[in-house]
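There are two complexes below, and they share subunit A, which is joined by subunit B in the first and by subunit C in the second.
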Partner chain A sequence: MAVQTVELKPSTGSLSRPSSWTTLGKNRIGLVGLIMLVAAVVVAVFASVLAPYDPKTSEGITSSDIYQRPSSAHLLGTDDAGKDVLSSFIYGSRVSLIVGFFAAFISIVIGGIIGIVAGFYGGRLENILMRFTDTMLVIPDLPLIIVIVALTKPSLLNIIFVIGLLGWTTTARLVRSQTLAVKSRKFVLRARAIGAGNWHIIQHHILPLVLPLLVVNAILVISLAILEESTLSFLGLGDPTVISWGQMLNFAFGRGAMSAGAWWALVAPGFGIVWIVLALTLLGHGLEQVLNPRLESHHLMPGRPAVQQEAMLGISARSSRNPKPVVLDIQNLSIHYISEDKPPARAVENVSFQLHEGELMGLVGESGCGKTTLMMALMKLLPAAGQIVNGKVLFNNQDLTAMSEEEIADVRWSAISIIFQGAMNALNPVRTVGEQIAEAIKKHVAIYHEAQVDERVSELLELVGIAEEHKDHFPHQYSGGMRQRAMIAMALACSPQVVIADEPTTALDVMIQAQILELLDDLRKKLGLAIIFVTHDLGVVAEMCDSVLVMYGGVTAEYASVDTIYNAPRHPYTQELLKAFPDLSKPEKRLSSIPGYPPKLDALPVGCRFAPRCPLAFERCFIEMPALHSLNGGDHIASCHLVEN
Partner chain B sequence: MSRYRHLLKKIGWSAFTILFVLILNFFLFRVLPGDPVKSGTHDPRLKKETQEALRVRFGLDKQVINCFETLNPIKLGKCDLNPFDTQFFIYLRNLTRGELGFSFHTNRPVADILVERLWNTILLIGAGQVLAIIAGMVLGIFAAWKTRTSVDYGALITGLVAWSLPTFWLGILLLFWGSNNGFPIGGRVTPGTSSYPFSYQVGDIAKHMILPTLTYTIVYMGEYLLIMRSSLMDVLSEDYILTAKAKGLSAFQILKDHALKNAMLPIVTIVAINLGFTVAGAIQIETVFSWPGLGGAVFEAINRRDYPVLQGVFLLIAVSVVIANLIADLTYAYLDPRVQTE
Partner chain C sequence: MSNDFILEVKNLKKYFQAGRPSWFSLNEDYIHAVDDVDLQLRRGEVIALVGESGCGKSTLSLTLMGLEKATEGSIIFEGKDITHIDDRQRKKIRQRIQMVFQDPYESLNPTQTIEEIVTEPLIVHGISPNLDERRERVRRALEDAGLKPAESYLHRFPHQLSGGQRQRVVIAGALVLEPHLLLADEPVSMLDVSIRAEIINLLADLRKSRGISVIFITHDLGTVGYFADRVAVMYLGRIVEIGTMTDVLKNPQHPYTQALLSVIPVPNPRLRKKRIILQGETPNPIDLPSGCRFHPRCPVAIDICKQNDPDLIRVSETHQAACLLLNKVTVT
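Now for the complex of A and B:
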């Protein structure tokens, strides 16, 4: 049966967390499995006490006792020999558990040793061992087990050994990859550097991290062994001297239970097998989740509907500095991440800004200050836990937050598009770049013919400097810079009015960065795009942007034109940020960094979020959150007690 | 270029594995105790000449392999023999001619028995696999898509329970239920209908196939469901799905055009690896439903201690599984553009 589900990804992160047991407690599936397994073990241990009859003797049984219906004397009826099915059923649990545990023990030991040796020593030894493992993995287990058991004496010991000796392959592969992962971790390298021997490293550093994985694997190997034993017994290859569930089924099936209508003799033993195997499967599934906690969420989960509260904290941005019409007007936007067992994380609070036609706005702030959350909310692309709890996103005076999923789907890309950071993952690896661009066009510009779409794709790629022949290539055939440019071409595919560039040049080398930024600026001038440019790079902002929004800990620190931000910043955070940035015009300037870290969203300070790191903080900053203050008649906004009045 | 090297490497490895299987198959039946050929040729009730004739018939008059007279117990023999005149090379030579020995029970060539039964097994496994893959994938897709809803939990529990069912027991239950509800009680055709019109016979086989195929589908569906679910969950949390969503594609379009191809890659491998387990399932199902396939042949061979048949079936199964794995590897390389340029 299935072995593949057994394979966990090698994880090295959270293996020995103290909360594992509490997590299992919360994991209902695992808990149910554990209880079912304990019940089975109790039945097996106390079989002689629990069984109403001794299934080994046939004293006092007459031919009239054969296949008797369940009654008060025989709760599960009698079998083909007139024996009590319940008693045999209870004793049968022993064989399943014994074979399962001992065979799995052999498999786990062999697989563990081969896996650790192969992973730890590597080289030719690893090659030989893994080739052997792969070969054994391909050869079908059960037919081989059947052949061997058929050729040898079918005793319990033989069965245990044969199942055990053939069941180690998945374990070996799993342990090897885990060992490889652990081996290259720092504390192992350190132990090696101070001269620890191989055996010491294996014993004290590798084993403890491999063991939890091995336990989960063992549970599944046990269940497979139990299934194999029952199959062997059912096929008539079981140990004839002991009672097992498979054998009970063999007898019942082969000796007329079908035609006698004796369903009890057929149902009971199978139920036992299912009980134990299901218990192990559930327990294994639960433990796997504990070991490898996965976010059970993805991008297709429905988002939470936006809600509106009373307008908070008064003012919003009403800039008059730009004469062109406003395309995007963000008013008092607040976003929370909702979780079941924790208070909501207030990721973005009361952010407002306006974007005019052809404007390039810089959005700056340290990592984790809510920039990406804010951008995702503009297109209603927040993850399932994210919720807009207040505010509006007005695009050409239409509120996007109030739109249904179908309505917003039409706005996406055709009106607002995104250049994601890290284009390697943002492009689908198994479809060509050309296809992925064409897809957006077909979705939103329905009037195009196939040929026109094709032409448009070539045109777009040419616009970003990619030759037409690369159209039918896959993303992995592109260089990093090309992928980012392809992403830009894709963002422009439906002639949007607003493009969000979310750190488009992170992880690219400086030359490529410059090219891409130049390209974006060109396109803006040529196509009249409004661009929101999310970045850490203040130099780029100074050079290219018209306005700047500085965020800190999810709130607006300061929002103004680029000149104001650079020459007359009012928020201490902006001031500190500029001090940390080299300025070519003032080469004598000393750079200083801001000590400390941005606040965690689930542990925000009561007062100003920047207060703990602020050099100018005073008493009030720690108690009261500053409001947004409007300076110069709305052109300049800052949230700081110091700018009051 | 690299694509061909990848291909050659895979083919080379499969050839090596098949060779390993051939050697294993040969020695297994000679090293382990309980070989009836040996006990037969040593039966004191038989005349010396009969014993000798049996030994010649089964090729036991030849030395096992150079330097070894017999392998169990190990007895050294001559080393200067012509290596082509040993049991091992005769075994290999016979294999290349498609000769797998004779059945103890019916005295027919094993190869003939296998060919006759192979098609029945392929019919059963084929129908069952296709249904199991379809059912498992559809349920898996729904579970992943509607994650953390009752649809998902229901599918997950169904998958885990189906996975835990012993195949033969589910078969027995369905047969028990079916025999009381007008289904045929096993076999492939109703006896005595061989002169009936062709369309009747096809319908008759189909009717006999329903319950075994259903058993097969239920048992294997669980696994495909679980794998599809977890694979699709992984894919759906990838960045490129967010890109697709940002492009305004509907959930259905995203699933169809962006998620499924990627999520199905693991399934390809699983189907092949599963073939080994599939055969295990076939042995049980064919036993329960008296389906005249390879699995049924295994069961009969066990009961009759018909070792040449057992050996032949094992060889056929093992080689098919190795080849299926090779095909899966090549399909994977074809489906995933990244493999080709690695």
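Now for the complex of A and C:
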């Protein structure tokens, strides 16, 4: 079976994901197109059965039959030669479809080969092929086709070849781009590392990923070919021995259908052409959507006000250790992702913490623990499907969850700002960094003079350690570390009180990471910022943070001061995580891992979310979700049955 | 670990041309990605290659694999010079040197099943044409990589597996050819902390059970603390320090190594230490500094550092560092 399955699967190339057929089924546009196309094909195939008359013979037709109105004998009337329009219409479908499919086939094969060869081999070969393609693209198709057909025999075969031989250019360009994109992907490198040669790579790696695009493009090319044939026939250049819709239009127009008022002779073939091209366009559109599913729930919609349920009796972590005022107070926050056909994904449940002025809190957790969802919710930047279903977000005693979109837009950035994950790649590449920082300022602060904005930008750049001269440079002229500094500058543009840093150093080298961390610490001290540092790196947290909130599966596992978390953790997840984290001060220590995987948010276990992987789990853990137990008079919170007093 | 060398690299250089020569300027700038590297690896040994971006570690591994052509120098694998061999011979060598990549989400073709992915190397090299035998090898490779029972994984697609599982598939794909040397380029840096150890322990077990030698490229020394026998620290295309794990961790001699070790965060707030944070970034590998490449950022550079480019100097039998101030100054 292994050998057979590596063969090309052209018809299922686009359906490598098992659910693709069902997706196509659900896609109404594509389905409509497909049905329309199938209807046309059925008509063409069964023409001899469906057509009431044979359009080739002129038996029994007299001159009085010309341009007869539609009647029971002729459902669509008769044409200029007295023949039944409906029969001609039905037989006409054959020619359109045949020319369309075959001509398109030729185009696709030529375009596909040129595209793959150019994209894969590159260099001079690519240059030659693509310049040739460009030249062909520049020449207008239709006039060229007309000239060639006019000079040669106007037979059906000829027309198919001419249309096919001139219609490959857009396909070639498309396929080349896709080939280039696939060629640079890591699994192609891996195939080379295994020892695969060019042909193997093209066959097994490039083609399966180019095919879906080719299929969609083919649909378009077919509809273009059909249009071109119809145009040619309409202009009188078609094969006179076959009936096509274009021919019907040609005869009708040329032989006075308009003046005779014989609208049926024009409407029928016109309708046929429209039907088929529409069918193909809809099908193509539907296929495109299947291949690039864009999640409809992604755009930012103004959040509905939170449903205030009875406040769950969680314990807010009032910490007596910090005398400074509380800036951000999160109380029992719960966030669910709501979707139509599945139960809600409980991304965050009942999380509480307090952030004091000047405090650096570490939010630790691994993939899927809900930390990014939690941070997005604080600024109401969740996608439409994410809803705050319980709890409060108190910023200086104002409840953010109860605010409208306008009110919260004021709070965003000027009071709480965020440095997003992968922010270094979030800069607009076509605008200078200075301009982008200025944009952040102008949106929030009513400064009237450009000069004041400019001054503030310089001030910010200096604050983060970027030299003045780089203000008018573009992001690509900045290094990774510099871009991250620029993002920090943007986050500070409106002098916020709270900054959320979501994995700000993840993609950076360890030395640059140290620089950025030092910068954040300095800024905190200089500006009195409170910072929430979201990360999975326990070392960084130990180095910098005052307090730590450890999340697992959407809930608080443990929340305490940094010293307590590292030296006296009570939650088994925290303990296991610490064991899994390398410690250079003890290099011989063999690292342990936590077996299993984090829970899927739409299939959460009953009881404690960590129980399936917990080495200390007992019966109760699998039945009952542990409450948030507080130790040390509220300074330390752990959600574990073993901690119960 | 025998005294038999599986890999010997001598004076290896890999330069890339920077920019393209145009009508107006003959651009002769080169990116000195790998600039004179010597390395010996014994059978069954694990060496960690540590460095930041731009140090040349990834280029070095690609050159060793033959995915990049060496500009100068020689690579001797199992006694045979493989630096400039032809494609046919290169393909044979590929059976014995395999790679594991950093990104488990991109290293696997999304349209192939796990079975197809792990079988592919066998097909490429025409090994075991008998279908049953082939399937048995694939099954064994998957189980050796920790994916048990293999049957339940064969028909799945990469997107149905987690990051850790995908990385195991990549390892299985490498194992199925029964290689002697594994080049692992940051194999765990994109995985969650709690599952990194699994993959590292897997590699450690494979070393023990199959005697595979490993070159482990990483920017995070902590993950290989107990697994690697030796460490080589790279900077701007050169190895600046090399020694056993204990040598380098407990007695680092090169200022860059000292700085690097000081900024690696230790997960204990009571051990917050003084960090040597180097300013600026790694300089452009096109325009190399004069003398010692590290001198512009070096906290203890003195005058002669600007003129003399040190080779690796012996610190002990197992330990070498390329610094003119060896054994004299430790950065505090």
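The rule is short, and it goes like this: the second predicted complex is superposed on the first by the 513 of 645 C-alpha atoms of A that agree within 3 Å, B and C clash if a C-alpha of one lies under 4 Å from a C-alpha of the other, contacts with A are read in each partner's own complex, and residues count from 1 in each chain.
Here is the rule we use: contacts are C-beta pairs under 8 Å (C-beta built on N, C-alpha and C of every residue); 3 or more make two chains touch, one makes a residue touch a chain.
Bear in mind the structure is a predicted one, so any value in this text is a computation, not a measurement.
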First, second, both or neither for A:Pro615, with subunit B first and subunit C second: neither
Contacts of A:Leu189 with subunit B and subunit C, given as first, second, both or neither: second
Contacts of A:Gly528 with subunit B and subunit C, given as first, second, both or neither: neither
First (subunit B), second (subunit C), both or neither touched by A:Gly633: neither
Contacts of A:Gly422 with subunit B and subunit C, given as first, second, both or neither: first
Which superposed partner A:Val430 touches (first subunit B, second subunit C, both, neither): first
Partner chain(s) touched by A:Pro240 [first = subunit B, second = subunit C, both, neither]: neither
Touching both subunit B and subunit C, residues of subunit A: 1-3, 5
Residues on subunit C engaged by subunit A in the complex (per definition of touch): 52-53, 65, 67, 87, 90-91, 94-95, 98-99, 101, 103, 106-113, 115-116, 119-121, 123-125, 131, 134-135, 138, 157, 159, 162-164, 170, 173, 177, 192-198, 200-201, 219-223, 225-226, 245, 249, 259-261, 263-272, 275, 277-279, 281-282
Contact footprint of subunit B on subunit A as seen in their complex: 1-5, 29, 131, 134-135, 137-144, 146-148, 150-153, 223, 227, 230-231, 234-237, 249, 253, 258, 263, 266-267, 269-270, 273-274, 277-278, 281-282, 285, 294-301, 379, 381, 409-414, 417-418, 420, 422, 425-431, 439-440, 443-444, 474, 476-477, 490
Residue ranges of subunit A in contact with subunit C within the complex: 1-3, 5-6, 13, 16-18, 185-187, 189-197, 200, 204-205, 208-209, 366-367, 479-481, 509-515, 518, 536-543, 562-563, 566-567, 576-578, 580-595, 597-598
Subunit B - residues contacting subunit A, complex: 13, 16-17, 20-21, 24, 28-29, 32-35, 144-145, 147-148, 156, 160-161, 163-170, 172-173, 175-176, 179, 185, 219, 222-223, 226-227, 233, 236-251, 253-255, 257-259, 261-262, 266, 269-270, 273-277, 279-281, 283-284, 287-288, 298-299, 302-303, 305, 307, 310-311, 313-314, 317-318, 321-322, 325, 335-338, 341
